């Protein structure tokens, strides 16, 4: 279970290095017409999310800071494993390293 | 089981770095004349697929981006393990790193 | 359980290299009006803390010392695992490497 | 068990990077005079094979592509472990990295 | 259990490379007024010690010897794990690598 | 158990890179006067052998090939573990990497 | 149990690269007056030894050979683990890498 944050807004969180703060999409637990879905239909994790903020990038072997490949607002595909989670109010967020993010989602 | 995507078309997915998006070939579950094959004849995984999209490449130690060795449309041989899977509609896709792809299939 | 320090003040501790000395936030065990909370409400670890001191930084591959990305007084988000703990009086402190700290908290 | 290929000829397979496509020698299951050997005499794996094709080579740390040390037609000694297998028709093939191949066999 | 040394004085030990010889602080087993403490009060390991001697430093990737960050006489905070132990007479000593030492203690 | 080679002479084997082909010394199973020794006296592995052939050497990080430190005819001390074995006729041979060989034996 | 050497004198062994040949000190099994000590008093391994011979050193990343930090005749402190053992007659010897040796003993 993710640790509960003491701060009120996720905007307080400023990632360091090449870390990317992501809000995972939530599985719908009821349909558009308000019918609650059984848990069997909603228990697949969603590996997609929206980038909330990124760090400035990590230095490469030459000592130069390499900016992150994604930016705030990007929709991204996440790996099924890894990441650090933090819960702010009722929302759960994840921090991944830039290189762990699999793809951008451009609709 | 692969996570179900919220987006409708695999074309929405833009791989990052040296990642390669691949659609695995599907094992035929019925013959050309429409007879369904028993599962014992179809349960061997197919380690072949078609490249749907590739990332721009990953930077090497010198900081230069090395383009992927495969390109969209290539038919490729995949390792039996690894990769990240994502399900879009009824189709399952995989993301591999460029260096994990074993060979091109040129018929 | 963290080892008990023989020294009286955490100010005696001067981190080496890229290590960062952090005091984790404590979970409140009673409410503002003085009612003690049941342990079930307080047993989630808090992954936040305040930087007490940092080392001068670790040398990179070129031999140049890279200063820490955080400084004394910064509020930070910590990973759920890792770190070395030390107990000074009743307070528990942690030493993390600079690169393990996930994000700054700026309220 | 090796995955069955959908393509008909092993010549369709073009290894990438420093990968080497090898056909293992088959243990004889009957003698020259046509007597079938008991399985106990044939169940030792043969760690020898013939190189069918090689990739162009992998880039070294300087970014230069290093050609493979073996070439198509070479007979080689393989390690007992590792490699990726693929079955084309009734024949099983292996992909090894160039550096995993132990020796050439020159008779 | 630490191996017993054959030599009589710890001063005989000259660390190599970036190794640091440390004498751990001992837990008091009786109070100032001479009352013996129960073992439950003394069985927490003390992760502090005094540097007895250091090696000249280890060479970095450029081949240059990097001196240790601590020196003889320094009081230091040690990690809870690791190190090599040696017992000289009744006293137990530890050898850590310079980079494993967490912090200096300056009172 | 080592794989049986299909070739007749160990001279057919040409090691690649920094691999060294070694024939382990055999434990005597009978005394000089022809008395067979019990297996308890002969079951200690002999970690010595004679170098039969070496590869040209492996490239270092600069791309330069570093010749092997041993040569054909050298008697060497081998580690207790590791190596790839191959059986040619009744004789068992091993392939080690040059850097795994512990010492030369010069009598 | 260490493998028994076929050669008669440890002087036949010439270490390669950065390996150091060490003879561990033996625990006394009887006192100076000839009384045999019970095994409980002698079963602590002695992690000290005398350097018998060293290799020429291993090449660093620049390709330059770095001589060993110890030399024949040095008394040294060994780690409790690791090393390769070889028994010559009744004496057991160890080969360690130079960087694994903890300290010199100078009495």
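Each chain carries a letter (A, B, C, D, E, F and G) given by its place in the written order, and its residues are counted from 1.
One rule holds for everything that comes next: a residue touches a chain if its C-beta (ideal position, glycine included) is under 8 Å from a C-beta of that chain, and two chains touch if they have at least 3 such contacts.
Just so we're on the same page, UniProt names per chain: A, B, C, D, E, F, G = 10 kDa heat shock protein, mitochondrial.
Fair warning: this is a prediction, and the values are worked out from it, not measured in the lab.
Asker: Chain by chain, through touching neighbours only, how many steps does the shortest route from subunit C to subunit G take?
Answerer: The fewest steps needed to get from subunit C to subunit G is 2.
Asker: Roughly how many whole angstrom separate the Cα centroids of subunit B and subunit F?
Answerer: Going by mean C-alpha positions, subunit B sits 43 Å from subunit F.
Asker: So how far apart, in whole Å, are subunit A and subunit C when each is placed at the average of its C-alpha atoms?
Answerer: Spacing between the chain centres: roughly 24 Å.
Asker: Measuring from the mean C-alpha position of subunit D to the mean C-alpha position of subunit E, what distance in angstrom results?
Answerer: It comes to 54 Å between the two C-alpha centres.
Asker: Where in subunit G do residues touch two or more of the other chains?
Answerer: Within subunit G, residues 61-62 contact more than one other chain.
Asker: Chain sequence round the ring, subunit A first and subunit C second?
Answerer: The chains follow each other as A, C, E, G, F, D, B, starting at subunit A and passing subunit C next.
Asker: So in the complex, which bits of subunit B are touching subunit A?
Answerer: The touching residues are 1, 3-9, 12-17, 19, 21, 55, 59, 61, 63, 84, 86, 95.
Asker: With touch defined as at the start, can you tell me which subunit F residues reach subunit G in the complex?
Answerer: 25, 44-48, 60-62, 64, 66, 69-70, 77, 79-80, 99, 101-107
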